[in-house]
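So that you can tell them apart, the chains are marked A, B, C, D, E and F in the order they are listed, and the count of residues begins at 1 in each.
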């Protein structure tokens, strides 16, 4: 199993969720994050004080998938989240040793 | 006793021409109108009436900032809340200056049935602290009325919030106030010769002048500005219903200045307007909540707050002439009908009127205007009509239709001109990022 | 001059029976009371007094929405804030309508020592804009008093916030106002023949009628509704202390309408109530902060805000009859004792009174009621007592005890009836999710 | 007719000495001043004037809480918002008590050109509800003026927010009010013999007394307290611009009590102050926004709100003596100059004045004070000067310079004393954690 | 070492923390997240606009544990967080290559 | 590639970001979290109710780095985030199987 972590533009959430759903992923967990990267920020000005804001609002999506669903999930996210402009985000993949469903105690792929 | 100075001022005005005198006036030069101390043989104004009108004036300000600003600001997304607050505040301020410059003059001096004179009392010339307007200091009447102009213009901005350019709002406001608001005031409130006053319309505190007028402008504006990105697909929720609630509450509180202040005195008529406003608003809250509870299963906070505003809008034209039970009926009707205004009717109209300026202010205003013709009748608890209920309802309906037509035309022209000169909408990317950062360089909240 | 129409109305009332006439009235039919224009030979009301009472009325509204709503709303968790706002707004609105329907009549018409007539002035019949109530337009007196009824009922909801069903709140409110609030008003304020007025109680603006009454109802209600899930185990913190602070501030501002407005005139008595209210509140803030600083090491914002409210509650019965130094003493006492009310006493009572309606309003109200009997004496700076301090303190104490007893019984019956008819609490799962979504279908905040 | 009792009281005072009598007074003992009921042969106060002054008093309270508290509270970081709210509320409350204890006496009784007597009317002795102060109940004048003292002290705390110890704020406040605020009131407002009144200064509602005074105290205080950790390096942003906006709005609304209330009557002068305040504020908003739009490209919400306050500050001394066009000019000037006050000038001064108390209140106050000398002239639309414009401008300038000098010295001494006694700043670690938790044991927000 | 990531119901936090404490886990990091899965959401209605809210508030708990403590930690979380109703959440486990305590520079199990 | 997750004190963010920048890390993602560990909390008091707050505000920084940059990044964070007092935080490292840049579809080290 893999744990896919994608950092995306906030307004793409619904599209990504739908795309993942079509790719067979039925659960995911979303976190509001701030991202720093190539995408340029903006300046804010409060009376005399000017600040450059480099950290931009992004959403982080985590979803655990089976090895089989993995490729499809990656493609789904990429397709749904891309706009082609700097700042579209990244996907990180790590190996998942174990998954457990708290309610039932099921483990492994059954728990997804 | 100010006549010589005033006349001298007049002469200089005429010699210099308006533009120059405006500039001079702004620089504070050559405005000799107030030369006498107010207490030198001043007329005795009734202190109780003055006290109430001072209070009423600040109450209407309270309705705008923070009232209306929060009411609208809570309904938009967090990335646009400051843009709404700025728009409301700056629009109001610009209109106050415009009112002093030529608005008061154009609304309340002689002229024809549609407009007063743009110059007679421009920059309030000739008005001293002692000037009397029906028993009140004229300056007090000027400032009280200035807040009405300001709030009406501010009401409109709720309709195209979250995507409009700030400069477009300002240009549109100046055009719209000049050609839609000022003539409406003149037609209804400037005296017997005003076009709609002459038709016999009853509009105590501004059902047509303020609410229908603003509501129609909002609807037409929303059409031209177009829908928000993601409208109907993404979840576009109010970012702070408590702010909207605070706003609605302050609208209610301030509206007593609006309605009872329109009696222009602290008398029995103001007392009547007071209780009517209280009862109609409570009825609006109950009606909206009830309709929501029945039709959707759950009465909401946004609904209850909206019901209060609907009740307030409904009773505005009626406050001085119906009885408390009439006010109750109007509040119930306005509350119930406006639920439809922001649901069924809104879907029908297919405009993205962000804060439902049309659905609440125009719809509630129309309900109120027409029912005013009914419940003002003595047989229904009102203070009495000069004509039959039927005739009065027709006068009210005519005024409503006329207001809609006039306002729709002016709004269309004003918005087309604005679009031509500065454009209406920010870019798609800017809209995504939010107007607060893009147009105003700030974020509303920081943790 | 309205007599014929009014009489006709009366006749129809009697013929049709109350229910039908209610329905008719709601439809706006057959209410001819205001038929004459207010200016036709109108009595001359003192414009200054009218101005102040108009202002006072809207100030009491300001206390409720947004004041009290925010004061309570800030104290609950974010998932329940809207439920508190809706409850306060809708409860207030329902009570306004109830007041117009039969509340004013039952409170302020003749009747016996405990109740007035439920029908004499039902739907305000017979009251015209010219009707005079001790020199004020009666309609103004009606609307001023309506806000007192509304705020008292709204005060109670703070006690069982975060778990009660919305319909239970409404049903309870109607029962409680009818059988606890209306008779208390009648007993204290309707004239010499009222049960407690007759005993010689001094209650200028509502220490017993409003605060002890609401506080006891809150405590009894909290017992029956039961504790919130996780109470005493999980951290249940205020979600927005700034909202509570804003609420307390607006309570202070609005309370001048409540206290100085109770003079029913803009005179020396109102001025006395004004300074007393200012001083007592400042003293309440200082006392609460001091006690917290000494006992806990850190004076808190919630504490300072609560101290303001405690001071206000304390001075309410006293505002018109003690001197500023007496007010100062009452404010200090109320502020200090209420810290105990929400700490030691609260732990003793073991009720989960969410917003400490009992600990602040009942406790502060009792302190104030009794000290009013002390500091009203001329030797202590007051305007003077008719009896000895001891006798007056006994009159005050008797009133307090009587209020507690009456209110406890009525509240118990009202809540048992409510429980039987609609149930009191939402389900455990719903309580976890929060009332905003479950009862009102909304979330307060969106980022 | 109260003379015997009052005299008896005086005798006891003198016998017991002040400290004891204070203690007694706080215990409510031995204050017989109000012994007569207010209606026993009471003088007839003009109800309209009383109504307006009651209203004005609560409006100034509204400026402080929640107005100023939110205006400042929104500008600080979320971890310090409660500390600002508490400071404003408790400072205000302490000053109210101080005012009753000896402030009113020291400011408004005879004495010399700089101070009144600290004991003559200490604890308001001798003042009954019937006492007359220029046609108003003296108690009303006392309470109206108490709010001025309270707000001025509260204004100062904005300058050293986010790092000062709470007890330091309180000790400083008591010293500063006693030696900076009370004498300034005495010098300007207590009568012809006051030092600055004698020089002919025009300060209608407190340009020097309130705003320059507070602004200088803020600047000096900010120097001594030192910069916030991370100032100039980390992003220290307002945590809630909407709160600041609400605060500014309520300042505007309440300021009508401040300015038009300073007419001490509901008359033509109040009406003039009303329109001037409205117009100058609108002009301040427009000017600040315009300057920002031109110089930074984007007009901001914080800017528009600040512009409103700048306009209000500017027009404060002028409100009763300039005409609306003069007010417009002052508003524009104050709005524009204050942008520089919080930008260029601030960088020059290198002080970390958290909420720009200096940049807005002192700078705007100076602009207003001097232009008052210009636009009060009859030739420029004012009510007229007794001397030439040049002479008046010099009187105004002298007052400004004198106020700056007096206030700077007193503030320095007061803050040095405070530093010696309790220390000024919290520890570095505490500052990082935030004053809310450290000084008050609370968090403002909980999700 | 393992990194355990558990998504749980918010009101279970205190119980889970205590259970973990008893299992010998002394540190953890909590994030507010929104979860999408089998658990049904609710609808919200703002005037005319109705929205189905599928993302429900959850808490994400991350704790790094030694291989020995791992089993006990898993059981502790499961026991404390379960209610038996849909939406109890999931546990994800990944292998931890390295842990470092910033204050001291300690690494590995010592850093926990 | 490695995924570095660091939990730090909030006010250290800017320093850490700069240090990482100097170490060649050009992107990172930040989350607001609450941490529980050895660092002592504080008590809060609301009227009669006293609560011990054990969860303290921290920031979680996630950055994906190449194996080469890994050591330098670790050192950069450690140096910039340390104050020497309890509560400085921890760094966790897991192996990253894959990285993908959504905008371009690039994968692996190119995507960083």
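Rule of thumb we're sticking to: a residue touches a chain if its C-beta (ideal position, glycine included) is under 8 Å from a C-beta of that chain, and two chains touch if they have at least 3 such contacts.
All figures in this text were calculated on a predicted structure; none of them were measured in a lab.
J.: Check every other chain and keep only those touching both chain A and chain E; list them.
T.: Touches both chain A and chain E: B, F.
J.: Quick check on the contact network: minimum steps from chain B to chain C?
T.: 1
J.: C-F versus D-F: which has more C-beta pairs touching?
T.: More C-beta contacts join the chains of C-F.
J.: Determine the centre-to-centre distance between chain A and chain C, using the mean Cα coordinates as centres, and give it in whole Å.
T.: Averaging C-alpha atoms per chain gives centres 52 Å apart.
J.: Can you check how far apart chain E and chain F are, centre to centre, with Cα atoms defining each centre and the answer in Å?
T.: 18
J.: Compute the distance, rounded to whole Å, between the mean C-alpha positions of chain C and chain E.
T.: 46
J.: Residues of chain D touching 2+ other chains?
T.: Those would be 46-49, 51-52, 55, 237-238, 266, 296, 298, 300, 302, 441-443, 447.
J.: Two or more other chains in contact with one residue: find those residues in chain E.
T.: 31-32, 44-46, 53, 94-95
J.: Name the touching chain pairs, would you?
T.: Pairs flagged as touching, ordered by label: A-B, A-D, A-E, A-F, B-C, B-D, B-E, C-D, C-E, C-F, D-F, E-F.
J.: Can you check the complex and tell me which residues of chain F touch chain C?
T.: 44-49, 51, 53
J.: Inside the complex, what are the residues of chain B that reach chain D?
T.: Result: residues 5, 25-39, 42, 45-52, 54-55, 57-58, 61-62, 65-66, 69-70, 73, 81-83, 85-86, 89-90, 92-94, 96-97, 100, 123-124, 129-130, 136-137, 139-140, 142-143, 146-147, 166, 243, 266, 436, 439-447 of chain B touch chain D.
J.: So in the complex, which bits of chain B are touching chain A?
T.: Spelled out, the residues of chain B in touch with chain A are 230, 233-234, 432-433, 437, 441-443.
J.: Can you list the residues on chain A that touch chain E in the complex?
T.: 3, 17, 26-31, 64, 94-103, 105, 111
J.: Touching residues of chain E toward chain C in the complex: what are they?
T.: 11, 14, 42-46, 53
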